[in-house]
Amino acid sequence: MGGYGDVQLLREDGLRLDGRKLDEMRPMTIEAGVLPAADGSAMVTHGLNVAVAAVYGPMEAHPRKIQRQDRAVIDVRYNMAPFSTSDRIRPGFNRRSREISKVTAEALESVVLCERYPRSKIRVEIEILAAEAGTRCAGLTAAAVALADAGIPMRDLIVGVASGKVEGIVVLDLDKAEDNYGQADLPVGILPNTGEIAFLQMDGDLSPDEYNLAMEYNFKAAAEIHEIMVDALKRRYEGGEN
Amino acid sequence: MGGYGDVQLLREDGLRLDGRKLDEMRPMTIEAGVLPAADGSAMVTHGLNVAVAAVYGPMEAHPRKIQRQDRAVIDVRYNMAPFSTSDRIRPGFNRRSREISKVTAEALESVVLCERYPRSKIRVEIEILAAEAGTRCAGLTAAAVALADAGIPMRDLIVGVASGKVEGIVVLDLDKAEDNYGQADLPVGILPNTGEIAFLQMDGDLSPDEYNLAMEYNFKAAAEIHEIMVDALKRRYEGGEN
Amino acid sequence: MGGYGDVQLLREDGLRLDGRKLDEMRPMTIEAGVLPAADGSAMVTHGLNVAVAAVYGPMEAHPRKIQRQDRAVIDVRYNMAPFSTSDRIRPGFNRRSREISKVTAEALESVVLCERYPRSKIRVEIEILAAEAGTRCAGLTAAAVALADAGIPMRDLIVGVASGKVEGIVVLDLDKAEDNYGQADLPVGILPNTGEIAFLQMDGDLSPDEYNLAMEYNFKAAAEIHEIMVDALKRRYEGGEN
Amino acid sequence: MVELVPTLLRQELSRLAEDDLRLDGRGQWEGREVTLETDCLYNAEGSAKVVMGDTIVYAGVKFELRTPWPDRPAQGSLMCGAELRPVAHRKYEPGPPSPQSIELGRVVDRGIRESGCIDMESLCIVPGEKVWGVMIDIHVLSDGGNIFDACGLAAIAALRTAVVPAERFDVGEDYTLKVKGTPIMASFTRVGGRYVYDPSEEEELGGDERIHITLGDEGHLHSLQKGLRGVFTPAEFAEIFGVAHLRCVELRKLVANQEGN
Amino acid sequence: MVELVPTLLRQELSRLAEDDLRLDGRGQWEGREVTLETDCLYNAEGSAKVVMGDTIVYAGVKFELRTPWPDRPAQGSLMCGAELRPVAHRKYEPGPPSPQSIELGRVVDRGIRESGCIDMESLCIVPGEKVWGVMIDIHVLSDGGNIFDACGLAAIAALRTAVVPAERFDVGEDYTLKVKGTPIMASFTRVGGRYVYDPSEEEELGGDERIHITLGDEGHLHSLQKGLRGVFTPAEFAEIFGVAHLRCVELRKLVANQEGN
Amino acid sequence: MVELVPTLLRQELSRLAEDDLRLDGRGQWEGREVTLETDCLYNAEGSAKVVMGDTIVYAGVKFELRTPWPDRPAQGSLMCGAELRPVAHRKYEPGPPSPQSIELGRVVDRGIRESGCIDMESLCIVPGEKVWGVMIDIHVLSDGGNIFDACGLAAIAALRTAVVPAERFDVGEDYTLKVKGTPIMASFTRVGGRYVYDPSEEEELGGDERIHITLGDEGHLHSLQKGLRGVFTPAEFAEIFGVAHLRCVELRKLVANQEGN
């Protein structure tokens, strides 16, 4: 977290700079089945973020050394397009994207019924086309919808959602300015039906109480996002506009 | 193409700076069988260019994933030696050499009877020791002679040759100055017996008519070069000075 | 070798700056079995150098292409920790460490009874935690003790030791200043029982006579170091403090 | 990647070719429907999305301040790269840029660069000190065939709508990048023995060599590239060259219409 | 690396868990003995060695002079990296940094950085021109389980004993780096269905997901990370969060004692 | 690369060694015919081609302007690298530099550098600002055995004929690089139990360890390297050291003659 500078992030009326309430999230749309070449896919727009996920597989896991005898492995690549950020990003993986790919894969492996596909691999490609804080959550949500779109059996979806702290106040879903000048960020991946957590990161400074409030916001928002996810999958499968 | 600057590339008598006519190519020599360790090899000097090609194989194709069930693959590496250019080139492949390697391999696969060697690989190594414009063509020509020297069956040779445009005039075989300040370059790989084209690149600016004239020059020169190639192979196999 | 500058490396009383005699080496300690996770290990402190070696194996050699049908291969990685030198070293291999790894592996393959383990691999990891001239010798010595600690059968140990030249005088075991400003360095790997040489490098300027004297110093010191090595292995296996 | 030659597909394509038919019912020189959207990505200074059948491609333009090359002190620079990332198709694997992806980027780059549509001197801010570097990145999201043309189209459309972010870099006011001309690429693949325009994914899988032609506003050639195994005759080239002119004019209009919106 | 799931080990660990036992006899929230040594390496400006059961980790601090980032002209920088080199265990292979090693380094880095224990402005020498870059490198020599906590401990201990080598760089006299606070990490792994603190190598091999919590002097969270396959409930988190507080206080005392020596 | 030990070849070489014979009829300390050609490549500021039996090697020298290292403001730099590219032999594979190729380059580099034949201060143009960097690149085109000696010879011959391209870099008039002395390498491989000079490809394939000795004009040692598995005795070294002196004198004359042409 940046946590420095004189930027004011909360208005005198208690709302945030863009008019949101403390526990209000940015607008979100989800569309499933957006990529013809993929076995499953989804696009999530969240605020100004654009995240696309494609799923391929299950397929033979190679190289051999990544195979698991008793289950499928999920191979995630989270990647930010060079033009997705204010300063261009050089193509190719960096340490941040490798870490996010790892923990995202582990979160997805927690809900996919991997045991059904021993020795195989499921490829999940997450591409961030435009980034405005919160891309790892948007990517995780897109990946979950894309897996469902691909017909991969899962014991629950995962909802990616984050809360944080600005000017000492806990708020839901940091936007870009709040992320740059905020004091903490708590992105999680929530299983909407069981209420379990499959993804957890946090950095910054949070007291135990602040942590509890941020988590409360996250769970509340997860229920909202879950509806949007289910809606996207319904539109895809029950005929509909797509 | 550079295409800028005030350099004058054509003399008042209509000849080029080095005295060549518009459709005249630089001197060329070819020698086959120059590298004892290789299965086949050739050296081409063309103007001040020096290109050497070595052929190894057919051999087992590995890694496995490059194997083709019904034919041999040709694995070309076009490489410029660090001392081959005015400014030293850092060793290792760059994007230009990777692209040239790819299209050269595809051109060679168009004439080699690859079907005769399923699941195998033929390695073609092209080393540019001195570069003076036109190295991809010199390398292609050297590779074709080296393949023949290695006894690899081919349905035709390939002749690498280029024309271009300087000061609005189409000319054959650009030299270094003409390449630096010229307006277009059209390198092709011609099958001398069938008149077909297996290699084609072009950049710069050519009207349809200019394209036709440049291609006419290329075909004329290809016949000349073909004779030099055949001559080199004859000297190699009918006893001779080598 | 540096071999320039006005630094005075020998005192007026004929001793070296740190008070050592010409043929006296820096203090050395060796401990075997220092790393619980390894099959064999050793730590060598030599002057201010700290070198640790771990041995894993014999194990299946993969990738396949490194396998030898008739013997084990020894896979050595000599690595300097980023904080081991005055200026931080970027993590990852460099040309120097690759060369040292290669010749160290070849020296160890000269004494290990590799024939007993066809198609297998023995991994030797040498980590330099602190460097003060002479790390390749300290690493070689540590590797030999670690191999013995792992119970790998060997026909002899190897002792890493170096002599050099400063201000025209041959001296044993250059320290950091002597290495920086000296005129030659002759690191060798000596088999203490047979008196054969398995490791040899040298750079700088040595007359034939100087070479002979430097080698004499090396052999004398090798006998001393050998005792310390044997002592470390005894302490490890005959009960003892460790 | 084991590439079993799809023999049955090749046979089917040959059979169709005899009757001058294509798998998806198109004529030999008929392209698929193309939709073009620009200004579609936050953070990119110019952006475009092209949908061409099952092919989906995004391009984004970014600017940076650079020191000019010593031998060209008054010129900015242009760079165009394409990434064939694994998102786009089952057949693409992760790893360093493949030869295919390098070729794709370089062919698109040459078409734009050699058309001269960007005046490099117009990118100079302070000669010898500060120039603009323009970077076009192309991202293929779904490879449904003929990604070369889709990438070329997305690149020039993104470029033509790019706004130079001078304010952000503290060198004046933002302004629209000046782009002279609209170079367009037309690609042909040999399928069932004869060339077709705008090959689909199946036609590429069961086809042979391909030819990429980039033409400028005046119909001049700016870039040519032959890819894959196979040969062609000068007569064959003459025919597709003619088709390329027609198709490029149509697509150039599409770009112009989009800008008019 | 073929990872055959060690089924028998999992069964044994589950059986033990039913009786609230652990393989090495420890209680659920009991850590192994920890020894900490500092100032142990020539050439490192700060160094520490941590032994935690069979786990051995070194950390070393180096300084360099840098130009500051343009947008933070009065701030130095901190970098913390971990290398999981093949020396540490049979399971680590040579090659570029693995995802595991990147995650390890970044989690340790965040815990230290986000605690604010290094005031970046105190690393400034000449604003806009010269600042200190502080680099903590962590070297795992033996992986006997729970390397995250060992690395975190070694890193902060090395940092707290570091001396800024101003003389060597000709910018004044050497002085002890100012470090405010001692962020400490506590890690938990699910073993036999329930979480345990400070997992051993076998518990990691036969266990499931892990949770890493870094706490500052005031008991505030500075870093969280969940790793590996598995899920947890908010109630489970609340319990280990409480344990983490106790364990972090103990380890913080160990660091303080070492400094008192 | 599966390396089946060529058992039959080893047996044959041992049998020959008993009668003090070599496969190609040479004596134990006899080298193959060597031809040396210099100034043979356009664009290289110094170049040499060495043919030594079936071994063919080119070396080229390039210059660049550099800022000197801060701790050696009045010194230029010398760099010598060798590339063992796949062109040279069936056994060489593409990819990043192999350990063999790194060793080759570094051993040749040390022999030249440590002989002091290039006065680094003579490469200084403006102290602290501008010095020459001299780069020798060695390209092995055909590996017919003993590439170390061929590379060493090509490198020093290219260097001794190099012309400093001062005009091209606008720092004065071109002049011949000053090179004091001609360090020469002599290599020996154990074949059939005893050492031979200048091993052929077969002798290397069926032989054991090798020793490389670089001697300066005065007969001083400047570089030693033992490569591959095997050991030697001090007595064995003494004998080949004597041979090395004789062979180096001969090859040094060859370089001098070439220059006299």
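Chains here go by letter, A, B, C, D, E and F, matching the order in which they are written, and residues are numbered from 1 within each.
Note that a residue touches a chain if its C-beta (ideal position, glycine included) is under 8 Å from a C-beta of that chain, and two chains touch if they have at least 3 such contacts.
It should be emphasised that the depicted structure is a prediction, and the values quoted were computed from it without experimental measurement.
Colleague: Chains touching subunit A and subunit C alike, please list them.
Modeller: Per touch definition, common to subunit A and subunit C: E.
Colleague: Chain by chain, through touching neighbours only, how many steps does the shortest route from subunit D to subunit E take?
Modeller: Shortest path length, in steps: 2.
Colleague: Report the chain whose mean Cα position is at the greatest distance from that of subunit A.
Modeller: So the chain farthest away from subunit A turns out to be F.
Colleague: Report the inter-centroid distance (CA atoms only) between subunit B and subunit C in whole Å.
Modeller: 51
Colleague: CA centre of subunit E versus CA centre of subunit F: separation in Å?
Modeller: Distance between chain centres: 48 Å.
Colleague: Provide the C-alpha centroid distance between subunit A and subunit E, rounded to the nearest whole angstrom.
Modeller: 26
Colleague: Identify all positions of subunit D at which a residue touches two or more other chains, and write them in rising order.
Modeller: 97
Colleague: I need the residues of subunit C touching at least two other chains; which ones are they?
Modeller: Subunit C, residues with two or more chain partners: not present.
Colleague: Select the category (line, ring, star, complete, other) that matches the graph of chains linked by touching.
Modeller: Drawn as a graph, the chains make one closed cycle, so a ring.
Colleague: In what order do you meet the chains if you trace the ring from subunit C in the direction of subunit F?
Modeller: From subunit C, continuing first to subunit F, the chains appear as C, F, B, D, A, E.
Colleague: Which of the residues in subunit E come into contact with subunit C in the complex?
Modeller: The touching residues are 41-44, 47, 54, 56, 58, 60-62, 64, 81, 83, 85-90, 94, 96-97, 135, 137, 139, 141-144, 168, 201.
Colleague: Spell out the part of subunit B that touches subunit F in their complex, as residue ranges.
Modeller: It is residues 34-39, 48-50, 52, 54, 56, 59, 77, 79, 81-88, 91-92, 123, 125, 127, 129-132 of subunit B that touch subunit F.
Colleague: Quick one: in the complex, what on subunit B touches subunit D?
Modeller: Going by the criterion above, the answer is residues 1, 3, 64-65, 67-70, 95-96, 98-99, 101-103, 106-107, 109-111, 184, 186, 191, 194-208, 211, 215.
Colleague: For a test of understanding, state which residues of subunit F touch subunit C in their complex under the given definition.
Modeller: Per the stated touch rule, the residues are 1-5, 97, 99-100, 102-103, 105-106, 110, 113-116, 209, 211, 216, 218-234, 237, 241.
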